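In the two complexes that follow, chain A is the common piece, with chain B as its partner first and chain C second.
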Partner chain A sequence: MARRQAGPPPATPVRRARRRPRDLLLPYLLLLPACGVVALVVAFPIAQSIGYSLHHYNLREPDNVYFSGLDNYVRALTDEMFWRALRATAIWVGAVLPIQFVVGMAIAVLMNRAFPGRLVLRASVLLPWVIPSAVVALLWRWLLDGNLGVVNDLLIRVGLIDTGVPWLNDPSTAMAVVVLAMTWHGMPFFALMLLAALQAVPAEMYEAAHLDGASALQRFRYITWPSIIDTIRTTTLLRIIWLANSIEIIWIMTAGGPNFATTTLPVVTFFEAVRGLDFGYASAVSVLLALILLVVVHLYIRQMRKDD
Partner chain B sequence: MAASTTSISRRTLLRGAGLAAAGTALSACIPGPGTGSTGSSGGSQKLRLRYWAWVDDPTSRVLNDLADRFNENHPSIEVDVELMPASAVYERLLAAINAGDPPDASAIHVNNVADVAAMGALHPLDQYFDALPDKDDFVPTAVLGSRLGDESAPLHTMPWYGLVSYLYYRPDWFRAAGLSEPRTTDDFVAACRAITDPAAGRYGYGLRGATHGHIHYFIWLASLGGLDAVRGADGAPVFQRPEHIAGTDWFLDLARTHRVVPPTASGDGFEQLMNNMKAGVTGTAIHHIKSSETLVSTLGAENIRAVPMPVGPSGRRWTEFGPSMNAVYAGGQDPDAAWEWVNYLASPEAMRIFCTEDGGLPVRQSVGADPYFQENPFAKVSIDSLPDAYLIPFTERPGYARLAEQTWPQLTQPALSGEMPSAEFAGHLAEDVR
Partner chain C sequence: MATALPAAAARRRRSVFVIWLLAVPVILLSIGPFLWLLKTSLVPESRIFVRPLEYLPSTVTLENFVMLFERMNFFGYFANSFIVAIGSTVLGLIISMSSSYAFARFRFRGRRFFMTLFLVIPMFPTVLILIPIYDIMRVTGLLNTYASLIVAYSSFTIPFAVWMMTGYFAALPVEMEEAARVDGCSRLGAFVRVLLPTAVPGISATALYIFIVSWNEYTFAAMLAQDEAVRTLPVALQFFITEFTVNWGLLAAGGVIVSLPVILLFVVLQRQLIAGLTAGAVK
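This part shows the complex of A and B:
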């Protein structure tokens, strides 16, 4: 490299090979199908949602579609239900996320150790994740049924309660039980991601730390945590977005009730679109949720950069 | 050589892509076998009618078999039956109507008729119906149901079958408590109190607090005070008026005061209602003939009975008539041909077959008189209740779906627990349909 810099310039400058316009276009032509697919399945629906949100558009009135500006947004932001649902969404994400993380982390640490039956444990931990969320919701709804559920039956048998508790029908317990169901369903995602990260930490580092007299806590703090923090951040970010948008478990278990206790913003969107057929208003609510998520994600990424 | 190879393969690739794109575009112009749009009935091609419907048992082929019979007798028409869940029919209908491609005919729930009619999507059926020689054979309530309760309204749909709500009760529980079947609302409350035993997990009444449970609430309100307790002369809701709040108090007191409903009542829908009856959690429940088979098979014929809805203090009995009907779409290929099909479904032969298989109640008097229905105790109670059976009010109003599927299921919890006063509860419901 140094010799080349020090040497004389070439006698004849290297002439850049002239490329035909067709050659220049080729990479773009090859990318075109992928771009087309992205435009079709991502950009178009987003643009259409934004377009709907600016219109009075109810399927019941196909001849009465008109541009309504920000009316749907004003309606949402002045509707008490929107703010209640936003608060419920925050509680939902804020409760599920840390519990899933802590349980997932514990399982990942456990699965990272060598012990008999580890493979069986790894396979069984995956089960809640591979079961469709609709089935998970039905399963938990049955378990927690106030009259015929197994949970009440067990609690009565061990003497903790006298009569069945209507878990899903009481506003004070409904959110807790849907959080429980979602935690169970999503916990393997954290466990597997963290396990993969844990397995990428070189064993030599632990050996060296051990020889240096580091305690288990110190090894975790100074070796494990810095090694898996990027995985934790990415996984957490993905999970925030998924949770904020998820609806199946809540809708099937409680349909947003009782008394709107589990009505999150996706539930509002779903109800307004599918039951109310008010696509204009439902689109406005979903666009607002997307904007809120963008702000959250932006703040999160900024904090990540600061930490780095 | 290499450049030449690249050039050829690129050219070949682009040419191939162009051909494929052109082929795809062209193929879209060619009617495929599944499009069902073979144009009008002219020529030798059959007219393929698209018909959407739902049946309770998704494995049932009763509608396909009826279509086969119809097709055999109509050489120029072929009906394609597409079965889907009841809720999907309406959702797909709206999407199809908005897209300008409705089916030729479909089953339609009474709750949805007003919306679809307001969209101008229905083909009026008066001229066809009036020409029927046996039109008087239809139960008047069913014909009125197809006019959405308004005698002067057009016949939006063709009556098909009906469902009449009645009260199920457990005769073994009643016998054990020394009770006879409940004939009045007072009898009903007294019986529910007598058979309720929370320690044993037994409750008198399976109250439906989840979606569409408002139907039972309206039944009770009307039983207690007549239809005037629900709907005013102008069709507007009146059940939030002070003089009508007593009915709401009576209803909510089943949970608040008498405590004869399970603690889960606010979230109990059809599924829970049936499971609670089958599991011996509840001793009475409102439903219709379609649940009789499963209740009899679980509890035994001797342990489940049905009676007409109890009579209120006014001396009047009031219950719900839930008409099931078929619509013909103005945007379909050939409304005359579609009428032929829905008229066949309402014929005595097809109605008898369908109601026998699917469990509905025939809406032709001649079919209702059939021994099969007269000897079935649940069909008998339904038929006997017909004179007191009416359409649930407000189904024609735009806010009805919100009342049925959001306000009602969300607010029953605070209302039944006493956190929300009766007047406020009734006011919220009335607001939806005002």
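This part shows the complex of A and C:
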């Protein structure tokens, strides 16, 4: 039986010969603790959320809760704010992802070379990933500060700008700089995944291609690319889901502002829940977000099965 | 041949030089921002406003750190973060372990379905479960307790721990457990006395990972533990920012304090991960 490590790790049965009824039941009993807790903290809350989304439910008026059908959904879908947030989510994912991929790829190729001091490079590249998101967000607020920020100072020294730009307070630049912060934070993940894929390509294949006179471009096109394409697909789908769900960086840097320029869908729900206490509406928006992401999750599962 | 060797060496030196030429900007962009935070944390408040900006501090002081711990109750937040992260780690490991064993050692109907389930759960938007969990905690009176965070964090730590440990368990050879069972060991005995000890590197890697993720968590903490008595570090940091003023020196020192344990742990985790991976191959 051919066994591969990708996807769900294969089971190595302890004994398959005599199967008593107790043994048939055992694996399910073993799954009970984790499944029980997950039912309690994930499945039940999701069902609750769907229920809330069909109710008028604002914590400010706790005695005035009633079934309101699809009202919250109608409100969301007819609200211009929802569509702006959807667009902002698309821009957020659509901007961070390609930059992370291209730069992450370049760094992975660099890290894949054997050269003296490569450990210094690897340790440095890991750092932005290790720092807690809350600190990353504050750190970039500080770097981008309009008066005291080092980014402005450097740009003025180089002569690209004359006076400090209030990056985070200007609706036209705010999205670009939260994208910058998130790219910085998430890049190592991409670089590491791609590096692992690159290292799995057998060196003999390159040597053989080299002997056959293949150019560097051909070697990349016919050896490297086919070997890493599955990793790229998996990582990309995973990142889309994470990015579309992420709150911290945006929330701490801009709280969705200025003038809602950085309000993505998760930020809408967080805002409505934390500031507005409108649990019914916030739930409806989060259900809509989950439905959109379900498409990506579906693609991801299909990809995992294929890898398997 | 005699002339070819120095030429090859020169070519190699040149290529190393080119690689470093590319590596230096990458390194600077990766660590530069954090170094700037470190620098900000180490200079007196007054020097932060000096124009032009000082790239190398003229005076170095620990006053921001002293201030944090003496006046801002940072010990308290630190303890809160630590308790929540340890609690999440212990709970996550205990709850997940038997499932990983089941996935690694049994073939049963629905195995693939359950594994996919654990894979997909962390992909649901946090906001989708955040509000109901807030409500559950509110109704049960658990709001603003460590327990509320530890329970909420299990929503992402358990699926992750199940997957990670399944990988480690499955990589360990089954023969030793079989031998133990032939010698009269029960299945549970074989798991506890044979599999668990050999899986220690993998389990510690899982533990460290859960610890780091819980230590860093912000969204649930901001919602469920707003009270100062249970506030964790990532949330506490936001309180240095008020509507009108930001105390950047304190904030930078706080950011450094929050990040340092995780950075140190990651150095350890890297080794553990490698140890966990090779343990299965060597034994």
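Assume the second predicted complex is superposed on the first by the 268 of 308 C-alpha atoms of A that agree within 3 Å, B and C clash if a C-alpha of one lies under 4 Å from a C-alpha of the other, contacts with A are read in each partner's own complex, and residues count from 1 in each chain.
Everything below uses one rule, namely that a contact is a pair of C-beta atoms (placed from the backbone, for glycine too) under 8 Å apart; a residue touches a chain by one contact, two chains touch by 3 or more.
Every value quoted in this text rests on a predicted model; they were computed, and no experiment measured them.
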### Task
Would you sort A:Leu54 into first (chain B), second (chain C), both or neither based on which partner it touches?
neither
### Message
One more residue to check, A:Leu121. First (chain B), second (chain C), both or neither?
### Response
second
### Query
First (chain B), second (chain C), both or neither: which does A:Thr163 touch?
first
### Query
Which holds for A:Val96: it touches chain B only (first), chain C only (second), both, or neither?
neither
### Message
Quick one: is A:Leu148 in contact with chain B, with chain C, with both, or with neither? Answer first, second, both or neither.
### Response
both
### Query
So, does A:Leu26 touch the first partner chain B, the second partner chain C, both, or neither?
both
### Task
Report for A:Ala76: first if it touches chain B alone, second if chain C alone, otherwise both or neither.
neither
### Message
In the overlaid three-chain picture, which partner chain does A:Thr269 touch, first (chain B) or second (chain C), both, or neither?
### Response
second
### Query
Which partner reaches more residues of chain A, chain B or chain C?
C
### Query
Touch check for A:Ala34: first (chain B), second (chain C), both, or neither?
second
### Message
On chain A, which stretch or stretches are contacted by chain B in one complex as well as by chain C in the other?
### Response
26, 145, 148, 274
### Query
Inside the complex, what are the residues of chain A that reach chain C?
5, 8-16, 24, 26-28, 30-35, 37-38, 41-42, 44-46, 48-49, 52, 107, 110, 113, 115-117, 120-121, 124-128, 130-135, 138-140, 142-143, 145, 148, 150, 153, 184, 188, 241, 244-245, 247-248, 251-252, 266, 269-270, 273-274, 279, 282-283, 285-287, 289-290, 293, 297, 300-301, 304
#### Entry: List of chain A residues in touch with chain B within their complex
26, 29, 59-63, 145-148, 163-166, 168-171, 254-260, 263, 271, 274-277
## Note on the structure
Residue positions on chain B within touch of chain A in the complex are 10, 14, 91, 94-95, 97-98, 115, 118-120, 198-199, 201, 209-211, 262-267, 272, 275-276, 279, 281, 398, 401-402, 405-406, 409-414
### Query
Which positions of chain C touch chain A when the two form their complex?
15-16, 19-20, 22-23, 26-27, 29-31, 33-34, 36-37, 40, 48-49, 52-53, 94-96, 98-99, 101-108, 111-112, 114-121, 123-136, 151-152, 154-155, 158-159, 162, 166-167, 170-171, 173-174, 177-178, 181, 187, 190, 212, 215-216, 218-219, 222-223, 234-235, 237-238, 241, 248, 251-252, 255, 258-259, 262-263, 266
